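Mind having a look at this structure? Questions to follow.
Going in written order, the chains are labelled A, B, C, D, E, F and G, and every chain counts its residues from 1.
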Amino acid sequence: MKEILSGSLLLMGSVFILLSAVGILRMPDLYTRMSATTKASTLGIGLVLLGTILFWQDFGIASRAIAIIVFLFLTAPVAAHVIGRAAYLGKVPLWEKTNIDEFKKREHPSDSSSSMPE
Amino acid sequence: MNLLLLNILLAVAWMMLTGEVSSGTFTAGLLVGYLLLWLTRPAWGETRYFSKLLPVIRFVLYFLKELLVANLKVAYDIVTPKDHMVPGIVAVPLDVKSDIEITLFANLVTLTPGTLSLDVSPDRRTLYVHALYVKDAGQFRRELKNGLEKRLIEVMR
Amino acid sequence: MNRLIILPVLVPLTTALIMLLLPRRIAVHRLLGVLSTLLLSVVSVILLNSVLSGGILSLQAGGWAAPFGITMVVDTFSCIMLAMASLIGLTTAIYSIGSVDEKQEHNFYHPLIQLLLMGINGAFLTGDIFNLYVWFEVMLISSFVLLVLEGKPEQFEGAIKYVTLNLLSSAIFLAAVGILYGMAGTLNMADLAMRLPMLEHRELLSVAAVLFLITFGIKAAVFPLFFWLPASYHTPHVAVSAIFAGLLTKVGVYAIIRFFTTIFTLESTPFIHHILLWVSAFTMVTGVLGAVAQYDLRKLLSFHIISQIGYMIFAIAIQSPLAIAGGLLFIVHNIAAKTNLFYLSGIIRLLSGSWNLRQIGGLYATYPLLGLLFLVPALALAGIPPLSGFWAKLTVIQAGLEAQQWLAVSVALMVSILTLYSMIKIWNEAFLKDNPLSGDEGQRGREYHGLSAGKKTALIAPAIILAMFTIVSGLWFEPFFILAKGASLELLDAGIYSKAVTGGIP
Amino acid sequence: MLGLIATGFLASAIAPVLYKRYRENFGWIAVLFPLYMFFGFLSRYPEIAAGNSVRESLPWVPSLGINFSFLLDGLSLTFALIISLVGAAVFLFAGAYMKGYRDAGRFYLYIGVFMTSMLGLVLADNMLLLFVFWELTSFSSYLLIGFNHHKESSRKSALQALLVTGGGGLALLAGILLLGSVTGTYEISSFYDMNRIITSSALYPAIVVLLLLGAFTKSAQFPFHFWLPNAMEAPTPVSAYLHSATMVKAGIYLIARLNHEIGGTPLWQDTVLITGAVTMLFTATLAFRQTDLKKLLAYSTLSVLGTLVMLLGIGSELAIKAFFIYLIAHSLYKGTLFLVAGTIDHETGTRDVGKLAGLRKAMPVTAAAAALASFSMMGVIPLIGFIGKETVYKAILELDRWGLPLIGAAVLANACVVMVTLLVGFRPFLGKAKETPRQAHEAPLKMLLGPSLLAVLGLLIGLFPDFFISAMLEQSARNILSEELSLKIVLWHGFNLVLILSFVTLLLGGLFYALRPVVLRYSFFSSLPALFKPSSWYESALKGMLSFAKLQTLILQNGYLRNYTIVIVLAALIPASFALYRAAEEVSIIPDYSITFYEAALGLIIIISTGLLITSTSRLKSIVSLGVMGFSIGIIFVIYGAPDVALTTFAIETLNVILFVLVLQKLPKFLKLSRSSNRIRDAVIASGIGVFMTLVVLFATSFNISTELKEYFAAASLPEGKGLNVVNVILVDFRALDTLGEITVLTIAAIGVLAMLKTATGRKAQP
Amino acid sequence: MNSVILATASRYLLTLILMFSVFMLLRGHNEPGGGFVGGLVAAAAFALYFIANGLDAARSILRIEPLRAAVLGLLLSLLSTLPSLVSGKPFMTALWIDTGIEAIGKVGTPLLFDVGVYFLVLGITLTIIFALAEEECRV
Amino acid sequence: MNFMEWAVQASVIVIGLSILIIFLRLIVGPSIEDRIVALDLLSANAIAFIAVYSIQKNTTTFLDVGIILALLAFLSTVAFAFYLGRREKQ
Amino acid sequence: MRVLLPVIIGLLYATGIYLILRRSMVKVIFGLVVLGHAANLMIFTVGRLTKGSPAFVPHGATGIAEPFADPLPQALILTAIVIGFGIQAFTIALFKKTCQSLKTEDLDEMRNTDQLEKESP
């Protein structure tokens, strides 16, 4: 039973990870990629680690795995935020189908965003 | 917060008493301490240390549910053609005030799939959020404020 | 007694640490620099004494038996090197007081010199090939920093080449250590010496040998690996140039001798010794020709370092007891003479305001004693008897003749006349010819006169000490020869080192 | 004798100090020094003349066979007496002559060292000790020739002399070492009965050639003669001392000294004979072109040196006798004439024979000394020069082989010498006085005493040869030939062929003197092509060496870092590949191609990121690629059970990113700088390294390794090192010394960064 | 970097990471980790704080000149070898004391050595980062 | 092969595949931010891989590497963002 | 992997060498970094590989049972990595200062210190 649960968690996590990978490949622009993938992989890794905890059933392991999860959940959004912000300020282009941009009004009242690939 | 400190001290004391220094005895100590503090709560005057427990648990559960649901939604999008996405950047006015509240809110927004906190305005009144489905900016704002922000404020204050 | 072995490493490290804890007390730095090197000198003499009376000493760091921990070993050879390093350290510490400006001293000049000495001493002491790598790096990084301490553009330019090529050498070193460990499963030199003859894969061993040779060859600045040296040695502060010139390349030579007598032997890697012979000839010639072509005083001297290294390599290539003894004598002589010439070049610079021989002149007329002081190391380098260089040359050439290496001996002799030529070039230009600049211009840059008496003494005293060494070791050569011969026999006896390290287990 | 030598050096060392004190009168003090030596040696005369010799020996470097061994026998006593006697004359003369010279104190230092070394040279009984003194004479003479060092010509000539004699010296050293290896000793007196051993050794030709090279350069034999006339840049006392009486005779002394031990073979005798003869004639003819008093004397000296060498080459009893007499005669008259030339120069301000005449009235004593010496030099009876020349002719005529051409050459050469004598010894004094830069006066006593003494001595010996030199001759000849001789020296041999030849010589000399202006005008010497002038050989050799040096340095030290890198990489790759190629036979690799999916993925990522890194045109992209590479390598460490290494790798990769990010802003953008041909070349070299390293790793891992250390660490880690993490236990305990060094490196690096960034920079002050 | 989110997060992360670094240091003898990695992690914490809040804030948090910390660390490592010298054992021979407390276990000079390494690595990494950052900001 | 082994095997492959896909994004970019995001994601995936690998190899020591990796990946992302932010200012 | 790892090592060496042969200083630094990786990986590989079994003494045991990874090469690499890091940090700062000081990062323009002086003073 333990094995089944643990194995399933591993598989589920892997699938989420794969999904985020596919997402980062398929999404049309940087922002959608970030929106779509950061969390997916966070969740995926969380599940895999839960599976690991279940497999070992050792307090030391569990605490370390939980530490990773907590840490990931703490840092992943911050990382996404700093990159997203830098990208936006660095004029990484939005997908052409982007509906609305209320940020631009503050940052660039007049000009339109132009691409600036590094 | 003083009670939290006391709680930790109690946990350490528990650890000493049991003579076993490990994370297990420490956690046990924490629980025992919490229980003891709760039992002796009149001694501590007016505190919300005990009334917070439930809302925190509720909030975490709510968030995990959101996380899973949104993840599935995005996952669905990833594996199907992308044309039905309507991304946009929305300015969300903030009711949260302190640094920690703003940070928590922004991070939770980001953690929720489909949305990404891009920046906080210098006056700290607006959060710019990129989202995958913004058919209507007003509705998006309302959903965010009534859902996540309201619950967060509930927990924090 | 063997507990003293660690002191040559610990003393400079501790000194440097104290200096670093008192970053603004420059006077303390200066004092400590001299005291530390004095102490080192005493220690090395004590060690030499006990090695001469009691044989090779070893210290198992951490108390772990030989192949498992790191062994520090002193034999006569390493004692000699330690003593020379201490001597140069001491004179440089004194010389620095007179020449290095306070800005550099605040930029950790004195601790860096101590740390450089620590690396050098560590390299001389260790009996472990990976530990040798570590000490090499300590030495290297200190030298990197010292090289650019003044922040002049030419120092950066020189440093780029120095750093890149030396890092390349470190990469090769690591690869060689890896191969050797991968083959023998040990890092201890004595253990390696015992295990390698039992290995089946002799040829693969020579791959490692070649790589070690290249690594140490780069450090020793032999042909065709020397480029970093003339590109950089003339750029740092002259006190730094001096200690580099005296010691750094010799550490490379030390390592070559150590490796190719103790670990790899002539019989095990015959073609390496052929390579060495050719390398030595080309090193001698290209170095001295490079020197001849220069007009920058320090560049000229830098190229000379290379040429002189050629003689040492020649000695190693022949590898008879006499040759190795000659090589050791050459190292000892060269360390003192070469460092001294750099010291003197610094004084010349302070007197004339230039490094360029075309713009210097007339020094002999005004400073005859400086002239005579210059002649001592210069003539020693040219091998004029009865100075130290003559004996070194004599011994090496005699060994060459005994080995019937006619061609290489002819090259060595020819190079020695070119050496004389280039030394006379300096003498002619800087001392004999009239000062090309007259009047106010002639007084340009005469910083020397602005110095306090104490600083002047600090500048001259090291030159006198080293000149005395050159003269005394020439006139009273017998003990030096006996010492070198003893060291050489010790090096060439395969068993004696291993026995001392592993405690007699064959 | 060691004490004498040491005293000499000490006395020289204090000379400059004393000079400062006494200045004007120092000459009188200085002369005591050679005189003390002279009388010291003279006191040994009876002992030596009686056929004894004195040997002293003190160990110096016994392990190398070098000792302070000195031998006083006839030969060395003769030389020692000449050296100290002429030295006395010169020292006294210099006292007046050097007045007004800057730094005359140093002059006494140099010449004192020189004299002492010269004495050491002739007294040494150890070949290497002799060499030590030999080099010291070379170097002190360098200082003396270049004494007027503010003149470029002076510096040049001094250097030339030093290089030529120094080069010869090195040959000599090699010769000595070879000789030592054959005989097993360097003590000259131990060679005494080793002639058979030496001459039959395989190394004998080399020994002869090397030793003679040393001797010939020192004694200015053809084709090394050119340095001597150039050395006339020296102050005249130096020329008188070094270039006529003493140093140039060191080579001749060496040949004479070793004649018995090494000689007797055609190789030795013929080489010496021919070189001497060629020098004698060739250099004599060169005198035609000279107008400078000292140069004229120099060429005649060369000719005499040639004659002396030739006599040693002939090697008969008579030749040795001639050698000996001629040696003494020459020292006396040439010393005189040089000093006379110096006096004239000093008093009139010129040395050009064309500008000098009629000085006899102003300088009567000088004229008389000059005349006496000149007669001796021309070989006029009853001076010693006459006996010398007679004996020389006699010795040549005695020869079976080559007698005729040699006598012709000798007569011609001597005629030239006669011409020189007329030019130097007579012409300036005779005729009507000419205007000279300075008004001529008789020289002071200090300047007159020396030359007069030497000139008179020439006369006295000529009149009473038996009394003065016979005993010495006997002993010297014994030292040279190792035979008992009893050759009486007499002034008058009666009318015979030799006397006729003497007359012919004089007549020819007069004729040359008369024809000189004409010969000069049509002289082919003046247009001698450079190809035939040994001095131009020297010049072009020097120039060639310099331009080669420059070219070589430009090519090797070309300043391109990547060229240096390529050379070093190839220097490593080529021999190492050779070794690897030979190693290929002894290893058998069984490739294990099994691979898991994630390993393949990891490999792919690393491979692609190297590609990205190489092709990247953006710095940030490169850093990202580098990061990927580092993280992937970290994962490899995880896979193969090295978590600590992995941790460290990740940590350092991250810090690297931070560092790069911090400096990147200041670095310019990437430019495509290399040409594509360079890129291809570099790619080929890099691939070579790559393939090499791959093979090395494959080879090195193809056999079993000793696991002794591994097992020891695993077993000892907990009980002895008190830790479960073996790697950590190694780092902080088993090999803590490595870690100590490692953290020192870190400290230094931090100091370095701090120090470097604290210093202000800028290109403004670059010269 | 001018971001409330990062600045706030960095404050919490600083303590968290520092705690973790001490953890790495202390159990390095038995589990992966050790003074070196611990020091690097601690340095990373301060580097993060510097990026989020600026150089001055980071310096004031650190309180000690980083190079001094490094030197003191090196000194500590060196001092840990002192007992071996004093007790007459070969240089760097480890000495251990059993504390009797299970979680701490035995304490010995190698641990002290590792603690020195920790401070040294922390110090030098920050020295380098701060020096570079200072230069960066000056221009 | 039991279910657990199978699940671990499958997870390794799936995670490996994800890593390759993300790496593809890193290669194509196009913006540097894309690459940084990809790098961040790669290290996160590496954590998952390490967790699974430690199950596969039955060792617990690797999990510590995961913690460090999480921490450091975050730090380098922030550093990159720091650089990008400064780039904008100039 | 027995074959792949040597190939990767070779590739890293090749990349490192290729990069330090560039004219751009920044690329040279990258080359040095890659060479460092190559050397570390090489020592690791040549010290023989063992998959998935780090050298940790299990709790309760006194030694480690085979197979386990050789800890010595790991310790060596750790030392080498740390040293490499220190030197690299210094080198990065040095290259930056050089760039600032000489106003170029083209190594071909850094040839002054090697040049012979001009003939005229």
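Convention: a residue touches a chain if its C-beta (ideal position, glycine included) is under 8 Å from a C-beta of that chain, and two chains touch if they have at least 3 such contacts.
None of these values were measured; they are calculated from a predicted model.
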{"item": "Set of chains whose contacts include both subunit G and subunit C", "value": "D, E"}
{"item": "Shortest walk length in steps over touching chains, subunit D through to subunit G", "value": "1"}
{"item": "Most remote chain, CA-based centroid, reference being subunit C", "value": "B"}
{"item": "Farthest chain relative to subunit G (centres taken as mean CA coordinates)", "value": "D"}
{"item": "Centre-of-Cα separation between subunit G and subunit A, whole angstrom", "value": "32"}
{"item": "Where subunit B and subunit C are represented by their mean Cα positions, the distance between them in whole Å", "value": "66"}
{"item": "Distance between chain centroids, defined by C-alpha means - subunit E, subunit F (Å)", "value": "26"}
{"item": "Geometric centre distance via CA averages, subunit E-subunit C, whole Å", "value": "36"}
{"item": "Junction residues of subunit D, two or more chains touched", "value": "550, 553, 557, 559, 561, 565, 569, 618, 620-621, 639, 641, 643-644, 647-648, 651-652, 654-655, 658-659, 663, 665-666, 693, 700-701, 705, 707, 709-710, 713, 723-725, 731, 733-740, 742-754, 756-757, 761-763"}
{"item": "Sites on subunit C at which at least two other chains make contact", "value": "13, 20, 61-62, 72, 130, 134, 137, 141, 144-145, 148, 151, 153-154, 156, 160-161, 164, 168, 175, 178-179, 182, 230-231, 293-294"}
{"item": "For subunit G, residues that touch 2 or more chains besides their own", "value": "20, 25, 28, 38, 40, 42, 46-48, 51-54, 56, 72, 76, 78-79, 82-83, 86-87, 89-90, 93-97, 101-102, 107, 110, 112-114, 116"}
{"item": "Residues of subunit A that touch subunit E when the two form their complex", "value": "67, 71, 74-75, 78, 81-82, 85"}
{"item": "Residue ranges of subunit D touching subunit E (in the complex, touch as defined)", "value": "643-644, 647-648, 651-652, 654-655, 658-659, 662-663, 665-666, 721-725, 728-729, 731-733, 736-737, 739-740, 743-744, 746-747, 749-751, 753-754, 757"}
{"item": "Interfacial residue positions of subunit A with respect to subunit F in the complex", "value": "3-4, 6-8, 10-11, 13-15, 17-18, 20-22, 24-25, 30, 33-34, 37-38, 41-42, 44-45, 48-49, 51-52, 55-56, 58, 60-61, 64-65, 67-68, 71-72, 75-76, 78-79, 82-83, 85-87, 89-90, 92, 117-118"}
{"item": "Subunit D - residues contacting subunit G, complex", "value": "550, 553-554, 557-562, 565-566, 569, 591-596, 599-600, 603, 606-607, 610, 613-614, 619, 622, 626, 629-630, 633, 636-637, 639-645, 648-649, 652, 655-656, 659-660, 663, 666-668, 670-671, 673-674, 682-683, 685-687, 689-695, 697-698, 700-701, 705, 707, 709-710, 713-715, 717-719, 723-727, 730-731, 734-735, 738-739, 742-743, 745-746, 748-750, 752-753, 756-757, 761-763"}
{"item": "Subunit G residues touching subunit F - in the complex, by the definition given at the top", "value": "51-54, 56"}
